[in-house]
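Handing you a structure now.
Order of writing sets the labels: A, B, C and D. Residues in every chain begin at 1.
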């Protein structure tokens, strides 16, 4: 999945990676491309994971894990960081999802359950401000329920914000006309994919 | 005049000096006091006028004159500069005036004449954001007309913003109850001052 | 002579009053002013409203302040983190209030508070429960929500270098909320890893101009929250 | 490999189109990107809206661009300065538009434009002619005026050091509007006194992060406007 996302990010892009599965995208940058990673806690030019023993507890990413800097990196405060995000300066953001609707609504911050501790972080700013929102997620929940729905039942992070969905079963593009399957995973056919998806899926007509 | 203003600025104050006569206040800081000068074009900790030949055309004050920095100065951009000003962080601002009204309205940016080129600079932000606005001005215009009026005829810079007025004839405090003369200049008596002032003046009753 | 350094952590926090609103810097442990927070625990002020991105972890620092029932309300973007149990327990027991704010909105509200901007429009949270009850407005065909600036009575901030005027630099991603929180508080209280002579910090590289800072205390070997949590320590110890 | 440096001033400004909105850094001559402005004069784009604090002096730089009748509208705070005659003459002849904005409001509108904030409230200009026709609103007993963010198609900015990513530092009070203008333009074009290798500028002292910059051209010996004015030069020369 992470590799499929990485392939779709053009050379020279400024990229923000959400916490968890999205962080893995950085491991698959195709050769010859240079991407610049922004972490909303104040670093542009995030580098690789530090070697053991080299971690600095005050040089971390948005997931609060130790990182390093590339030559040409810079630090800044939170208001400047969200100037980048809200101001439309980040090209691509890769986020995880709890639910995605057929019109690109994203829910990824709260189940809305009464006893859940809601925690939103920067997700709402990212979906409002970044040019392209790519979602990376397991196609179904742990108990086998669809995550790609006609309508999200969880509280929204943003309405109509998702461009494409990368799952373990397929790559799906969110279009005005509906959800279009761009690529099927190995050993996955369209019918199987539709059975595991609540929202109706479409196939691109061959050119 | 400038000396009278300087005496009224407490030790440790952050001070912004307007263009022209207000700039002279910096020459009269009483011994034992340390004041920090902010210039809205991006310097906190403005120092003395540079020695001839030492001027840097890109190290200037709001009046676009060459300045120096004190040890402990810092540079910043315009949005941060007006965070200081608008955000209420500057203690005292000394401004020039074209007209002041009895209730502390200030007009100092435009005569409103049809062929005048209006130029406001940072004056409106300063009067809106700085804690204390002191005005330093000749008591009358070049052709002998009063500048301290019942009402300003020129377009306002700000309404009810002036705390005290320092002229060549007197020091006048703007109070809710009216204009109170705090100090008369050498060889000036109250009647003479009132004759040269349109707005009614009051005397502080002796304690 | 202007000199904003104070002699002890206790002196730095002595004026904090019951019911105060306090901004506390940090994103996770990076930039969290643990020693100042512990001094505040010792000092005793209660019924506090705390503005901070997270709610601390383990039983030290901000989590310890919350555990001592000294915080009546948290304003933050991400109250649950690895090893954070104190806030979730009190929140589920109904013993602490939460105002959840998107991280960028939180940052902008703090900056606005410091910059004399009472309110601004932002696209974040439109069409979500976090915009509920707030004024929405369309500019150029896009919908925005009105958000208010936040000010605080005090801010507690961790920095790298400081001088007697209060000019500050930061270290790496410990910078995060520190610079904007210094602007938004009536009294900004800063712990610096090192206090240097005025003029040592190049005027070009000052991050927080001294005008935004009130009290400075040198804490040359600040603890890392993760170390204290790994040792299962609880403050007060 | 990301490399934002270009080979010539002409290449740097080649995409600027007729009718563009252009932000130009500088406060007086400090920070004014004279060489980029002269390249724009050579390039030919017209009907421009220019956002800049002043209107230039003498017959060089911004004043020369105006003198060439290439600017239809100025958005600025202080259009008359020592040695500025070009703008006043055209303005009094009704040949150029002026939108006068308080300096702090101008800065905040530019910052808002760059930060995705469509509008904000400010106390500056309330009860003055500059608030005329604008929405006013009371927050906590104080009256504010609604101001809109400004974006630009291009910004022309002068800086000190730059690297291939577009990270910038500035010199003294030449910093002024540069950093915020870089954030508010679709395409930011920067003249740097020196272009250095990536990594030379300490990540802690970068003022403008590279994400806000598009094209960089090294101009190692930029002219000072006051020198050119003293020599009574007129551009094009």
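The working rule: contacts are C-beta pairs under 8 Å (C-beta built on N, C-alpha and C of every residue); 3 or more make two chains touch, one makes a residue touch a chain.
All values derive from a computational prediction rather than experimental measurement.
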Third chains touching both subunit C and subunit B | D
So which chain is farthest from subunit B, going by the mean of the CA atoms in each chain?
-> A
Rounded to the nearest Å, the gap separating the Cα centres of subunit A and subunit B is 54
Euclidean distance of C-alpha centroids - subunit B vs subunit D, Å = 28
If you average the CA atoms of subunit C and of subunit D, how far apart do the two points sit, in angstrom?
-> 34
Residues of subunit B that touch two or more other chains: which are they?
-> 43, 75-76, 79, 82, 85-86, 128-129
Multi-partner residues of subunit D (at least 2 other chains) = 108, 111, 115-117, 122-123, 170-172, 203-204
Interchain pairs in contact, sorted by label | A-C, A-D, B-C, B-D, C-D
Touching subunit A in the complex: which residues of subunit D?
-> 1-2, 111, 113-117, 163-165, 167, 183, 197-199, 201, 203-204, 206, 209-212
State the interface residues of subunit C toward subunit A in the complex, per the touch definition above.
-> 27-31, 53, 77-82, 87-88, 91-92, 98, 100-108, 110-111, 122-130, 170-180, 207, 224-226
Subunit C contact footprint on subunit D (complex, rising order) | 108, 112, 115-123, 139-140, 142, 144, 148, 169-172, 202-205
Spell out the residues on subunit A that touch subunit C in their complex, using ranges where they run on.
-> 39-43, 56-60, 64, 75-79, 81-82, 85-86, 112, 115, 117-125, 128-129, 155-159
The answer for subunit A against subunit D in the complex is residues 12, 14, 34, 36, 38, 43-45, 69-76, 79-80, 82-90, 128-129
